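Right after this note come the structures.
Here come two complexes built around subunit A, the first alongside subunit B, the second alongside subunit C.
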Partner chain A sequence: MGKGKPFLEIFASALHEDYRFPILEIFAFLYALGTFVFASFGPIMTQQTVSNESMAYNLTASLLGLPLFIFIIFIFKNVAYGLGSDLEKGIIQTYFSYPLKRRGILTAKLLSAIGVALVLFLTIQISALYVLAPDIISPYLGTVLLTYAANLSYPLLVAGIMLLVTLALKRGGLTIVIGIVLYFAMSIISSIAVFVASATNSPLALQIVSVISPNVVLARYYSMPFFNELWTPAFSDVLLHIGTSYTIVVFLFFFGYFYFSKRLGL
Partner chain B sequence: MKRWIIILGRGGTVLLAIGLALLLVSLIPPAQIATFGRKTAIPPKWAQPSIERILTPQQGLRLTITADGILDIYILEVTSEVLYQWVTEDFLNVTDLEDFLEANPDVIGWHDIVRNGEIKHEYVPTKVTNTTLVFSNPGSEYVPVDVEVSITSLIAPGTKVRNLAQWVIPIGFVFSFPWLTQLLKEKKTR
Partner chain C sequence: MPLIVAEDLAKTYGKVVAVNGLNLTLNEDSITGLIGPNGAGKTTTIKMILGLLKPDRGNVKVFGQDPWDNTTIRSLIGVVYEKSFFPPHQKTLDYLKRVCRVYGVAESRALEVLGLVNLQEAMDRPIKALSAGMLQKFAIAHALIHKPKLLIADEMTANLDPQARSELLDLILQLHKDEEVTFLLSSHILPELSRVCDSVAIINQGKVWAYGKLNELYEKYAIGIIRISTDNPEALATEIKKLSYIEKLEIDLRGISARVAEGMDEKLYEDAPKLAKKIKAKIFGIETGSASLEELYRLAVRMSERR
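Presenting the complex of A and B:
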């Protein structure tokens, strides 16, 4: 048996577990519906006040409320329950008998848990955005993708933490609670950071939060200058914060891989 | 069950779900947020900007125009200020408008001709844009015109989304059919 076949076997099995009929269909329905229902072009006073690039950002950001939360619940469920229950039931231990390295097994599981959900989420949302406003989305696809990158960084970071907790506890029930608490904690931390930044008259608190959740810096970059007296980030700052946050995400997943390969104790 | 039937089938059911969501979105009727009417007469060889508004892909214009004569009607994606920059006399004439449109053909959002009757149209832009309704009278007599405009608020461009749903749903059904039939057969044998 080649290396490809056991990988596909595990991947197919993970897909079957993570996306039981009709879970995938319900999520696809909600993503498509949510994109149109939540899309907003913001308050339009005169066209000159808002650039088309900012409009592309505002439009994309307007969608990232409930649909993003649905996506997060989806991947948290997949990481916590998908991997957690496989560890609990001993299915992972069975996979270890396959002629495949441990990192291959984890890749197959994560590709199903996060990769497929991410592709589905982005494909449906960007296609729906294109149907809604092609003349805004086509020329500013880079801005749209950057907005998604900034907003998905923190959920992926939490998913990385959840992966580590699931591997450490070898079950998923508690992990999903930790994930949801961490996700909501960020909105509280962001509010506190704004307050601290105003009180100290220093953008340091906002910059620290932006390293973990770079949508803060992106929102500041695209908001109107008079809202940004405290901190007006340049585009290079936006890229730096997004890059740093993804470095942390990659490190967490790398640590997860290391733990799964060497320290799992199975 | 063969794996390719499962993959195709699940792809099909996802398409069906997306199609149904699109159909649902297209069935939500647009809300009228404002309606206003205007009666005017367009002098011969005049082009007259009428109603001006900033629209988004979620805001459209529903027009009902009645004219006693031949009249060109345009929706242009510019402000009337831009049009008046092309004025060569004291007023915007048909030639000025034609010159402007020849130089900027991409600003024409919609164009039609009304000939002694009524015309109805619903216009939704594909970006956030200024829009100006312009009447152009190429004839040699005054043309009385009655305009009724409603500004509508919509979730998505209905016709476009409905057309998309009409494609996506059958494709999804065709893809998922073999999987669904096999699934039913398996359930019966159990």
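Presenting the complex of A and C:
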């Protein structure tokens, strides 16, 4: 018996299941379609911006609408059905008979469920930005990446919560419902936060929401001054909120790994 | 060297006690049957041995090591679950080749194990298209890929037809003989276990109540069973049943089979001819019977329930 490649094989097996025909093709098509359709409106929407940096932010943010939603659906499906159903049906139990540590099995599954979806999403988005507006994007790549970082932290946070719910329930269907509810709850909470901030004349509610969804702070940082009567965040505030948000995401995934490796009974 | 040593294992699910102080030692080069009624704790025990569940109390060593998240042990064990699941959209042969790469064995082994379970005709089918019986055969092939030293199976023959069951039992005996694979088999189908097992552990209410070599157990528990061959079993059975030291009595094709209280066999040897004479029945023979696995199982379960 030679040296096996259990990690690569479980990863390949997860890819085979998560992205089987025509799922990958449909999602890639929707990513591209959403990106280019929204891109055509992007530059028009950014006419009123005050700086090239803001324009880069607005253009990037304008591309995110539908593709980000598709990305979220994609990773929710992969986490809930890729991992949840595998736990529910006993496929993870089968993987546990292979000579690979539990953390390796979870990494292979998450890399397939989230990592590949993320790479696909970012590749299409950034390629589209370079094709459509190279003059704006090239000098402000940092702004573009910061915009993605701010917008992706909340879906990843929900994915982390879904991971924990999946491990606790060992079921796929209910998990995806919880994920969707959490995702839409955020839109409602953001609206309530704006209302509370206006009513109390205090930015505290916005600052709290920005920890969970740092796009709120980034949008205020780059948007027109008259939108920012309540709160005009500095760049350090942006970094602080994004950093805090990703710390929570990392904690959730760390906890998921800990539970999966040390406690999960099947 | 014992391959499995479980000491004082305990596991509860909420208020349900699944395993309660279980002790078991599985020796190398044996075929051991783990038998017990539903809810006896067999599957939970197997899961703790496989490192899928952590015991609440006690400890288990497999190949001298803790099985939890232990990759060395996983390389040495093959597992067949009562209901096995595999990635459904992959083809059987492709998936087994993948498993060959997982363990670092030649891919030709995939076809070889499919042949062992007579599943070559399904090699191009997606796993989801396999029937329950075929899936169970596939699970067995999957468990044999890396030529494990120990194969643990939970209700391995559950979904198989009689022909496939018989072939599988032959395969178990062949693997045990040719490749010195040690087996721990959990099953409800006692005649099957008695055909292949050299040892049994009878488990109920989360404890092992009888464990040992099958022939030794038969000898040990056969003491109280007396078989009486007669021309009028019903009438004689009615009389014998009245004796205070009779614990259980059955009538079958061979005549009367009576379990007597410990040390009372000689008394029945004396009493049975007297009772036969009284009802004018003929006795053709009285002998101490050997217990069947089923009788052994019933006895152990009864013992556990009394306590």
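Observations on the model:
Simple rule for what comes next: the second predicted complex is superposed on the first by the 252 of 266 C-alpha atoms of A that agree within 3 Å, B and C clash if a C-alpha of one lies under 4 Å from a C-alpha of the other, contacts with A are read in each partner's own complex, and residues count from 1 in each chain.
Keep in mind that, in the parts below, a residue touches a chain if its C-beta (ideal position, glycine included) is under 8 Å from a C-beta of that chain, and two chains touch if they have at least 3 such contacts.
This is a predicted model, so every value here is computed, not measured.
When both complexes are superposed on subunit A, subunit B and subunit C fit side by side without a clash. Of the two partner chains placed around the shared chain by superposition, subunit B is the only one that A:Y19 touches, whereas subunit C remains out of contact.
In the superposition on chain A, A:E9 makes contact with subunit C only, not with subunit B. Aligning both complexes on chain A leaves subunit B and subunit C separated at their closest CA atoms by 7 Å.
Common to the subunit B and subunit C interfaces on subunit A are residues 12.
Subunit A contributes residues 1-6, 8-10, 12-13, 16-17, 20, 89-91, 93-94, 96-102, 261, 263, 265-266 to its touches with subunit C in the complex. Of all the residues in subunit C, the ones that touch subunit A in their complex are 47, 50-54, 69, 71-72, 74-75, 77-79, 81, 83-90, 95, 98-99, 101-105, 142-143, 146-147. Subunit B makes touch with subunit A in their complex at residues 3, 10, 13-14, 16-18, 20-22, 24-25, 54, 56-58, 125-130, 155-157, 160-161, 164.
Residues of subunit A that touch subunit B in their complex: 12, 19, 21-22, 24-26, 28-30, 32-33, 36-37, 39-41, 44, 46-47, 50, 52, 55, 120, 124, 131-136.
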